[in-house]
Every structure is written in C-alpha cells, then in structure tokens.
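Before I ask anything, let me first share the structure, which is written out below as structure tokens.
The letters A, B and C name the chains in turn, as written, and every chain counts its residues from 1.
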Amino acid sequence: MKKNILLDKVIMLFISIYLLLPLILTFIYSIFNEWTSILPSGFTLKYYIQVLTDPLFIASLLRSLIISFIPVLVCTLAMILVFYVTTLYFPKLERIIEILCTIPYSIQGIIIAVGVLSLYSGIGGMLSNRFLLLVGTYCIIILPYVYRGLKNSLNAIHVHTLIEAGQMLGCSKPKAFFSIILPNMLSGIVVSMMISISMIFADFVIVNIIGGSYFQTASMYLYKAMSKSGQITSAIIVVLFMTTLLISKIVTNIENKTKRKEK
Amino acid sequence: MKNKKCLVALIPFLLIIVLFEIAPLISIVVKSFSPVDEVGFTLEHFVKILITDLYLNSIKGSLIIAIISSIVGIIISFFGAKAAHSDKKIGKVFRMILNITSNFAGIPLAFAFIILLGNTGVITLFSKNLGFDLLNVFDLYSINGLILTYVYFQIPLATLLLLPSFDLIKKEWKEAVELLGGSKFVYWFKVVIPNLLPSILGTFSVLFANAIAAYATGYALLSSNAMLLSVRISEQFVGDLVQAKEFGSALAVVLMVIMVIATQILNRIQKHFKGGIE
Amino acid sequence: MAFIEFKNVIKKFDDNNVLKGINLKIEKGELITLLGPSGCGKSTLLRCLAGLEEVTSGEIYLDGENITNIQPQKRGIGMVFQQYSLFPNMNVYDNIAFPLKQKKVSKEKIELKVKEALEMVDLVGREKAYPQELSGGQQQRVALARSIVQEPKVLLLDEPLSAIDAKLRKSLQEKIKYIQKELGITTIFVTHDQDEAMIMSDYIHLFNQGNIEQSGTPVEIYTNPKTKFAAEFIGHYNIIEKEAIENIFGTLDVNSDYVAIRPETIQLSKDKINDFDICEKATIISYLSHGNVLRYTLQCKGIKFKADVLFRSFTLYEVGDTIYFNIDKYNILEVSENAII
C-alpha cells in the first residue's frame, strides 16, 4: 500500500513538472537578455517595460477583456431566462434546449466562426459589425459550458419544492424563481462564467477569423510579436497569464463576498 | 394555456441560437454544395478535396495528431487522476496546478515549446553541450512536434475531467474482488476500468474534438505550412490567399463529418460497455 | 357552510383519475388527517387546496370564498412539505422572516413575530444557523415556524414526519398538536402511517384510490372499519371470508362476504372457558414479541388468526401448544368489499 502511494506521488510530481516547465521557462526567458548557453544571462525587466508601455498592447488587452466579459454576461442572462421558462412552465422544452446547447461541443469554434463570417460579412447593416459578430459567435462557443453550469446548479437543489414553498409563503412563481432559486445557483453561475471568460480570453482562432484587422485582441498582438522578438513574446505571454490569474482571483473573491453577505 | 406569455423570455436565447448557430451551420452546408458565387448544386469542392494532396495530407495530419495525442493524453491523465486520489493534500495542489496550466494552450504554448525544443531552444542547446544533437532525433516543427505540444494541453483537460469518476470507485469493489479471490490485475481490468469506461470514452471524445479542431498551436509553430485541416479551412477565409467561401465551407463540412463519425463510433463503443450502468 | 368545503373535486393527470369526486367538509379549528396508502390521492387533494395543483373539475371553498381559481400565494394557506423546503441560502431567521417580508411587514414587527415563532418550536438561539447545519427534525420545526408566522387561515402538512427518525417523530407529533391547539389554526395532516393519524387527529378521512372510503374519529374508524380495505389498513385486523368462518363457528348475523376481527379481541386460554360466545380449540403456529404485546399466529380449524395478548405474566405459549380460542360474536365485524358510496 505504501509503495503505491509513493508511486502516485511520483506520478503527480512528474506530470506537474512537465506541465509547469514550459511556463517557468517562458518566464525566465522574459527576464534575461540572452540564453545561448546553459544558463541565461543579463537580468533585465526592459521587455516588460516595453510591452506595458506600448499603447497598442494596452489597447489590445482592453479589447480582450471587453470581449471576454460581454458574451459571458449576455449568454448567462439569456440562459437564466431560458431556465426560468423550462423550470417553471415548459419542462418538455428541456430536451430541445439541451440539444441546441450541446451542438457547439461537437461543432467546434472554427466551424462556427467560418460560418458566421461567410454568412454575414457581405451583408450591410448591424450584422456586418465585426464586434457584434464576435460577441454572438463567442456566445455560441461558451453556450455548452454556461448550460452545464446552470443545469448542474439547478440539479443540486430541489427546485420544485423550493418554488412551491415560496408560493405557500406568499410569492408568485416568477418572484420565487428570481429571489429563491437564482441566489442558490450563484456559485454554479460564477464557475461557468469563470471557465467561459478564460476560454474567450485565450482564444485566437475565432478572433483571427472574425475580428481580423477590425478588432485586434491581445492574442493577435501576441502572434504578431512572435516574429519580432522572443523575449518580448514571452513577456507578453507572462503578462497575459497573470491577467488570467488575476481575473479568476477577483471572481472567486466576489463569489466569497456574496457568500459572506448571506451569512 | 395561459402561461404562453412567458415564452417571451426565450427570445434572447432564440435570437442568439438562430443567428449564430443554426443559420451559420445551414449556410456552411449549403455553400459547400454551391458553385462559386452562383446558386446551384455541385460536388466539385469535395472532389477537389479528395484529389488534391494538400488537403488529403492535411486531413490525414489532423487525424493522426488528434488520435495519437488523445490516446497518449488519456493514458497519462488516467494515471494522473488515479494518483490524485490517493493523497488528499498533494492531490489538492496537483489539482490547482492542473487548473492553472489548463489555460496555457495555443500560441503561448507553441512559443514555450519553441523556447524549449526549437532550433535554438534551451533543451536543444543543452543537449548539444552534452554531446548529442537533439535535432537529429526530434524536430519540433514536424508532426511529432505537434503531437508533443498537443499532448501538453490534453493532459490538464483530461485529468480534470477524469477526476470525478474516480470518486465513483467504491472501496467495496476492491474488497469484493479480494474476497472472491481475484488479483489486482482482475480488479483493475475486469472491474474498475469497465466501470469507468463511459467517462473515459466521454473524455476521449472531448480530447479528440479539441485536437481535431485545434488551430492556434499548429499555426503558431508552422503557420501555413502546418498540415492541419483547421489551417486549410481558415486559409480560405483570411490571409493571403483569395477568399474561397464555398470551398472553405466544403472543408468545414469535412471536419464536421469527421467529428460526427468519431462521436458515433465512440457512442457505439460506450453502449457496448455500458450494459446496465446508467 | 363549513370552513373548508370540497365540492365534487375531480383531478386527472392525463388519463389517470387521481381524485374521483371528493366531497368533504372541514370545520374551523379542527386537526384532521387524510390517511391512506401511496397513490390514493390524499396528497393531491391537499395540493389542490393549496393551489399547487389545478382541479380538473369541482370547487373548493375556504371561509365562504370560492378559491378554486385563486393562485396559491393569495389563498392565505400555509404548508409544510416533507423535506427540502427550507431555503439553503438563508439562515433560520431569514427563512422564517421570508413570508413577512413578502407582506412588507416592518422590521420591528418581523423581529417580534420571528421570536415568537422560534419560541413555539423550541429553536430560540438558532437564528443564525443554516438549514444544512440542522438535523431533519430541526429543519421541519423551522419549516413549521415559517408557515405559522404568516398566520394562515389553514395549515397543511404533507407527510411532514415521514423523513424523520422514528424516535424524534413522537416529540414532533406532540409539538404539532400543541401548536395547533394553542393557535387554533384549522390543520390538515396527510400521512400514510395509521398510528400517526390516530395520535394526531380529531378526525380521520381514509382515502382509497381517489375516494374517501371512510370518515370518523380515530376510535370510530379503528373499532368499526366498514370495508375490507379500511380493516386491512387500520390496525392488524384478521380478515376472513364469511363462509369460511361460518364453517367453523356456525352462522353469524352478518350480511357481507367478509368479516374482520381485531387481534386484541381474541382471548386465549389454556382450558375451555364459558365466558365467550365462541370457544374453540386452536394450535399456536408462531409468535412475535412486540415488547409489551405478544402477537400469536394460531390455527383454528384450518383458518389462521392473529391474536394480540398484553404481555402481563411470564407464561408464554409455545409453538405447537394447543390452546382455546375465545371471542364474542359482536367482535366479528361486518366489512363490505367495496366502499358504500
């Protein structure tokens, strides 16, 4: 038995090293001037300064942030309304909704992006606005995750009993849904929002196809930098990575704060 | 029924679905059978795919990379998930590392591997100093390199997906097997794995879908030289080549068909093993 | 008009006719029980009264008003569910305060009423606890407090104690009875447990397959079941075909096809005695000890009977013993096959 646990610890250690190595190396690469021998030389932070003071980078970072949040909010709100309808009034619609929300799992991002672009890019009017197309496409990409997150939180509570209890305590069905059920789904909503935001923030293929030169995000800025300088590229990677960690920290803090307020 | 009023709440969802999921999909399928800039029905795009080496090799490349990286990924993740269950504390740290690194994919990942194993990569140079040239054995800018990078991002995803299923293993199973005189081999191969197979296969299908459609990593390493279906597809819509919506749609349809076939195969295998397990 | 009246209430779920035309009157201030096996319609009737189910046809009146088409939240009815009804994201105080907040009651008044409710259910001091931290019994007490704090016209309890440990059930039954008497709220209790029904209620309505089979006080129903179903459900009656029993005991003044005999009305004696109408030889086949009661299974002329004897002395009859089976004819009850509508 002991031998097994040791083996397991070794396995976890090796996998962790394998996973962390590229990350750590990228970081080291970004703070040294050159690395042609075994150890790097010339510690410097100039690459970071260069990146963080480049207005193009800041602009692209802001765009990445905006495009990460908006589809998530839109999609989550739309799905909450959907679950409001299917939970309280038309449970039979669940099946169709599930199918519609699971299609994007198999029809991966690139196909949707290509379809959206070829369909709408020629048409004038609102639908040819690249930002709008991007938001819409991302909504579909994250749809399965938002659906799963909401569905799982609903399954974790006894929705019907809670709604009926609410009714017998004086509130209408809609009021019961929004004041009793929704607060209990909060942690599930936050988790799926987290996954979705990370996915969009890190995405390249969709924004490359739909955003193109109209809407440059940080990942596109990064791609451009790859051909210029290795150190700058790694600095950008580290900055973006830190941003992702920061976002998850903030989101989990908000989640904890809401939990504390209820107490 | 008097409740029909509330269906209004479905409008935002329906709008998004119709505009961005249903319409584009229909459009892609229709376009794939349409001649260029005309209305009509033609199979010319699919024929072109089947007779042109470039596209056949890209399809082959995507398939090989997806299958191999998924298999390797799932084996490693299986042991990783199993290991995570034996020790609670370390397992928690391990899980955290998995969560952090699961976001490290696409361009950042490709770049990190270039730093590590590229022509002037750290490990490459290191090996040269030790006296042997890594480049003779391994070329990052080849199908092997792609597989290695793909395996990297498959591991956290697969491990995180497999972790919950190990919770399902009941210690009563081990005790029952022991009492009935079975060995460890029997326990693992005749009891645990068959029971975990639905989730293993489910995870495999996620990995496969992820890998076959992956674009950024391959593109960052090899740009348009990458023999990947996803790169061929996006080429038809963005970049230096002339826009070819219809042909691109045909390629996209090919990708969809591959995924549907893969899902069907995996479903069938799943059903075969599921038996009575719900 | 009675305080609550059901007029020919029919409820169908698709093709399934769950309530087949219920006519029922309930007086103000009573604690009545709807009793019956699973699927008999008792919970459905309760939920129709609450407004959580729509009746297919028929009417429901509460305090003179036709409430058949009024929404649940506007009926002034409180309900305690079997389980999982407390709001997990709120603590005990907020759960109980919830209905008062819906009515926009002032903060001070809410504090007062919640305190009163907590005192009633013996949970003072646990205001800040969350439902997950409470035991099943405590949760139900909170659910009860939450329902009564809004001073409902009627209190409905849908198998509130079925998920509670047997030992705890007793104290909760007493608590519910006490609160009901104190506040004088008309209360309807649904259960499938006949012991519980007998302890709790002033009046019992026994349900069978969508109809009320028999109504009466606990003692009435227990000592005088009118149908085979009622006799089988309440107590541990011996139910025997009239012909079979007349074969061994002689003709009886009974008009139905079946008779029912309460196990405790059968007397067992070592020797023949003359105190009873019928005294026949019988053999002990087996027995079970229920602590203070011994239940013997005995065979008398080919028919098996269950007899309950209070365990007073140490003399136990053994399996195989021959004893005498004694009973008075008035304790052989007439029970019909079907309910007389």
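Here is the rule we use: contacts are C-beta pairs under 8 Å (C-beta built on N, C-alpha and C of every residue); 3 or more make two chains touch, one makes a residue touch a chain.
On a predicted model such as this, the values are computed, not experimentally measured, just so you know.
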Chain separated most widely from chain A, comparing mean CA positions: C
Geometric centre: closest chain by C-alpha means: A
CA centroid of chain A to CA centroid of chain B, Å: 18
Cα-centroid distance, chain B relative to chain C, in whole angstrom: 59
Inter-chain centre distance, chain A versus chain C - centres from mean C-alpha coordinates, in Å: 54
Touching residues on chain B, where the partner in the complex is chain A: 3, 6-7, 9-10, 12-13, 16-17, 19-21, 23-25, 27-28, 31, 76, 79-80, 82-84, 86-87, 90-91, 94, 97-98, 100-101, 103-109, 111-116, 120, 122, 125-126, 129, 152, 155-156, 159, 206, 209-210, 212-213, 215-216, 219-220, 230, 233-234, 236-238, 245, 248-249, 252, 255-256, 259-260, 263
Footprint of chain C on chain A - complex, ascending: 157-158, 161-162, 164-172, 180, 183-184, 186, 262-263
Residues of chain C defined as touching chain A within the complex: 50-52, 71-73, 77-79, 81, 83-91, 98-99, 102-103, 128, 130, 143, 146-147, 150, 156
Touch list for chain A against partner chain B, complex: 4-5, 7-9, 11-12, 15-16, 18-23, 25-26, 29, 35-38, 74-75, 77-79, 81-82, 84-85, 88-90, 97, 100, 103-112, 114-119, 127, 136-137, 139-140, 143, 174, 198, 202-205, 208-209, 212, 219, 222-223, 226, 230, 233-234, 237, 240-241, 244-245
